[in-house]
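One chain, chain A, appears in both complexes that follow, with chain B as partner in the first and chain C in the second.
Entry: the complex of A and B
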């Protein structure tokens, strides 16, 4: 029972992480229909810049976070402007931006290795608090993971609902063609979602850096799990992406009750597989046909 | 010397990987990112069967191929039911899981240590343990794999794959079994990839999980894109360039670690640049006459093809298709509430009604693209509810689409050819084992397709790419393609909208002639002049049901319907 409780808490913590990644990726995907694989290495890049500032140069964690967010922002905007935008203007088939994003993925991932070197980078001398609540234990970083999701998720939700540009984003999520017709500046909206989505990814990147350290390959898991969260939650729904992330975190974690750790990704795969089989439109998706 | 020969061996391996990947993404348009996973399955199957079981050649090869193909089908069946992005994510998941299994099932795969000591190939007493000797096995096996890809791609099956890539619904609407095509091309591609894996294991005599990561798939993807999608020589060229190019890096003094990363960065940059500036790749997909597998004499009409309209002219007025009390709703919205229709042989039936009346939904119900919530549909008295669209085309019921859905990147004649019924070349088995028969049939079919094009007067454009046609020509091609299915019930969704009077005058006789030759024709149409000119009987649809069934004259003199229609 105690174990189960601990796993449940772990599930919520990891779920927050996946949910945050999911809404960042999902926002970009739902609005622009671009499967932005480079989201993964941008996440990695952000973590390494965070490490450089907070670990390498010994500045404060907050400086590191600022650097990470700025890095993700710049890379996200550049990927849209330099890679995807020209393809969109040419009316390339949907698979073309996807393939281009894989190219970008491999470029950025290896660039990280060339610039920062391989091997795990950790920020040392962190004073992480450890909490015990009854039988359950967690650290202050875990708390931050949950808080960051609640704050950023809430802020994003308010932004989308309350502001003019947020509504334009939602309109474009609904129907890009129609959005263009009614005069929404789709270039501006696309840039904004790339900016927001990328900046969001920098926060979990920083937290993972502090928690486990950064490695050059960490981006693949990030973008893959974000993608799975979006598909499980229902393409086009940010609420779905968050729910998908939590479902993933919980199933993975509770699965450990019976299944050894090294099979965590396989559990994610099985959730995905069942979802696509049983409910292809996802948790919050709309069945189109 | 050995160094150069080693590069040649690598070119062979990647030529197999790139060609088989091209079948999937270039020809079939199936974007699966699990290529490296099947490469790994082949390599590990060979490693395990040779080391633990000690099986002799060619058993490991066969086992690897069958294993990868079976695995691909097991995974593909659910994944291929959904399309596009779902396939991407499912195949990515498969990639992850294969690596995870390899790393964690230590007793079988050696985990992170991998499997070493795989016996090299031997021919008689000659051990193929140097690059030069290994080429003795690699070259013929690569040639065989390439030949398999080539046969598959340059067959009616391959053409149907490209049609599916262009538009899945339209391919189904001309009678192609989409699921069969997807699953079989997936299996063939996986099987060939596994062969590359076996060669890998035999050449390096060692397999380890790090050789089969997602980066490997992207590497092969770059080769396919660089060489040209849907061009197999392109894949070989792409493989050669991307294997040789990074070797040049070796002449620059760089730390091994950096050089390796630089190599991958180069691939990524090439991939992006190609997509940006030459998306068709170095060797573009063959077009025009080069896209044909047989040559035909276009100038000379073939007498035998006159049977296009040889349907029996007896029993005009016989009921061919009957739909009764059909109902379909989407969520809360009822698109078709209670619709009944009878289509008779030799008659042209019109469907008119305001936008949103349910006309296209009615077509979708009748042709199996949608399943009615209730009601009955009978084709020549046989219940056809629940049957797939492609089966119905085979049974004699075909439709066109309002938004045309031509196979835009294929030639005009290919658009027609792909729609011809009962092609033995649609079956992969016959493509490989009844080659002469398929070829002869293809010759006849090509002549027949040309004849159909002549009938709609598009024969001069036979080798144009469909996307280069004018709007009126596209409409004619839609008619030609539907006609090619040979179905006796033809449903046209707005075949004449947006056409000028001259072109209309060209299409009228075509449709009339179809009815005269004994087809049951149904058209959705907005233009009342067209209805008056063509139709024997008209169904007026509104609010999801037939408000009236009458002759065009009766209908137009009905004031109530006129107000409904014109508002």
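Entry: the complex of A and C
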């Protein structure tokens, strides 16, 4: 029972992490229909800049986080303006931005290694508090992972529902063509979602840096799990992306209660395949006939 | 008659001497040897130190005029921290573009992956880093100058037994190396009356092992075996201590990358490993260590020593094969030279001998970490 409780808590913590990644990736995907695989190395870049400021230069973690967010913002905007926007203007088929995104993924991932070196980076001498509640333990960084999801997820939800731009984003998520017809500046909206989605990714990136260290290939797991969260939750639904992330975290953790941990990475694939087979529209997606 | 006899005798001697004269060695312009290392990815520390050892040896040999007057060159390729298919791509490039006849390999998965190619193309492969026992016999041209998993794991288990510990929980890489260690440790541990409370696996470089550590903790072990390589023992040590598990942790690897990640949680960690230490008794070891420090600013550890030494083994194999003349610059002839006389100078001191299975026996040492630094405890011979 103790183990099950610990795995449940782990699942909630990991689920928060995946949900936040899913929200950022899902916001970009749902609004622009671009499968932005470069989201992964942008996440990595943010972590390394955070390390440079907080670890390499010894500045505070908050300065590191600010630098990470700023880096992700710039890279997100540049990737849209320089890579995806020209393709949109040429009415490129759907596959072309996908392939471009993969190319950008490879370039950015290797650029991290060229600029920062290929070794693992950690913020040393970081004291984290450890909490024990009965048989269950968690650290202050775990708490921050859950809090960051609640705060950012809640803030994004309010922004989308209560602001003019937010409503424009939701309109474009629903039907980009119609949004354009009724006069929504889709270029501006696209830039905003790339900015917000990328900035969101910097927060879990920084937390992973502090918790486990940063490595040049960490972006693959981030974008893959974000993608699974979006598909499981339902493409086009941000609450679906959050739910998909949580489901993934819980299944991945609780599923290993009885099955060997060597299946850990396979669980995400199994969840993805089952969802595609049984409910292709995802948990909150709308089935189109 | 006499004159005819003498002419026939002279003709016969001429023919005989022509037949028995050694064919002149067919020298290449340069001896290119390949190396397939972890030059990127999470485990790039290995690539850094191994390549430093290799390049130092190559420079030293060339400074003395090369091998029989012919320069040596190292071509270093990247298997991206142990990706098998990258190892295959790397050896393909080394053979097709650079025509190497000897390759220094590392990590078990790429070494196993290139073994059939070595057999097919006749390429000498020398491994100084991978530990999986599955590599033994994988190719007739494959040799090893480091202790394999079976020795390291059993040495760690022997240490635990000496400490009176009984309940082992183990965390291993989901790879040939990790599985080799488990296969060697489990029967040994059970033969000593021990039990195994949990066996958990992690992918190489996995960033999240909370579930594995939670399961280990729940199994209530009195020691934890870490069958992992850099930098993953760092994360494991950190998580084990953060999860409140205070039992002894014994592993098979420690370096600065592990120390950075584990931080204060590395204190008290023990590990078994090959052990290189320069000694005045062995001037070569001191000369290697001093030059390594001048070149890199760091003291060499055993991976650098193994790959430095491996270059000298290849150089000596070339000399021995060349002495027989003919078309000697091929991996099969180099491997034959090693098998014919398996004794080579070792930078550790004295000689090392490649056994019939291709493994050169090295002593395993036990270390303990205190204040982030390794302290030698003793040599430990697995039963």
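Quick note on the criterion: the second predicted complex is superposed on the first by the 288 of 289 C-alpha atoms of A that agree within 3 Å, B and C clash if a C-alpha of one lies under 4 Å from a C-alpha of the other, contacts with A are read in each partner's own complex, and residues count from 1 in each chain.
The criterion applied here is as follows: a residue touches a chain if its C-beta (ideal position, glycine included) is under 8 Å from a C-beta of that chain, and two chains touch if they have at least 3 such contacts.
In this text, all values refer to a predicted model and were calculated from it rather than measured experimentally.
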- Message: What does the overlay on chain A give for chain B and chain C, a clash or a fit?
- Response: clash
- Once the shared chain is lined up, is A:130 touching chain B (first), chain C (second), both, or neither of them? second
- Message: Touch test for A:224: chain B only (first), chain C only (second), both, or neither?
- Response: first
- A:86 contacts which: chain B (first), chain C (second), both, neither? first
- Task: Using the superposition on chain A described above, determine whether A:3 touches chain B (first), chain C (second), both, or neither.
- Result: second
- Task: Would you sort A:265 into first (chain B), second (chain C), both or neither based on which partner it touches?
- Result: both
- Task: Please indicate which partner A:177 is in contact with in the superposed arrangement: first for chain B, second for chain C, both, or neither.
- Result: neither
- Query: Is A:113 in contact with chain B, with chain C, with both, or with neither (first, second, both, neither)?
  - Reply: both
- Query: Can you tell which stretch of chain B collides with chain C among 166-174, 202-210, 364-372 or 490-498?
  - Reply: 202-210
- On chain A, what residues does chain B touch that chain C touches as well? 113, 118, 260, 262, 265
- Item | Residue numbers on chain B that touch chain A, as the complex places them | 25, 29, 31, 33, 78-79, 81-82, 84-86, 88-90, 92-94, 96-97, 100-101, 103-104, 214-215, 218, 221-222, 225, 257-258, 261-262, 264-265, 267-272, 275-276, 279, 370
- Message: Give the list of chain A residues in touch with chain B in this complex.
- Response: 35, 83, 86-87, 92, 94-96, 98-100, 102-107, 109-111, 113-114, 118, 220, 224, 227-228, 231, 235, 260, 262-263, 265-266, 268-269, 272-273, 276-277, 280, 289
- Query: Which of the residues in chain A come into contact with chain C in the complex?
  - Reply: 2-3, 6-7, 10, 13-14, 113, 118-120, 122, 124-126, 128, 130, 132, 137, 139, 208, 212-213, 215-218, 221, 252-253, 256, 260-262, 264-265
- Message: Quick check on the complex: what are the chain C residues that touch chain A?
- Response: 39-42, 44-45, 174, 200-203, 205-208, 210-212, 214-215, 217-218, 231, 234-235, 242-244, 257, 260-261, 263
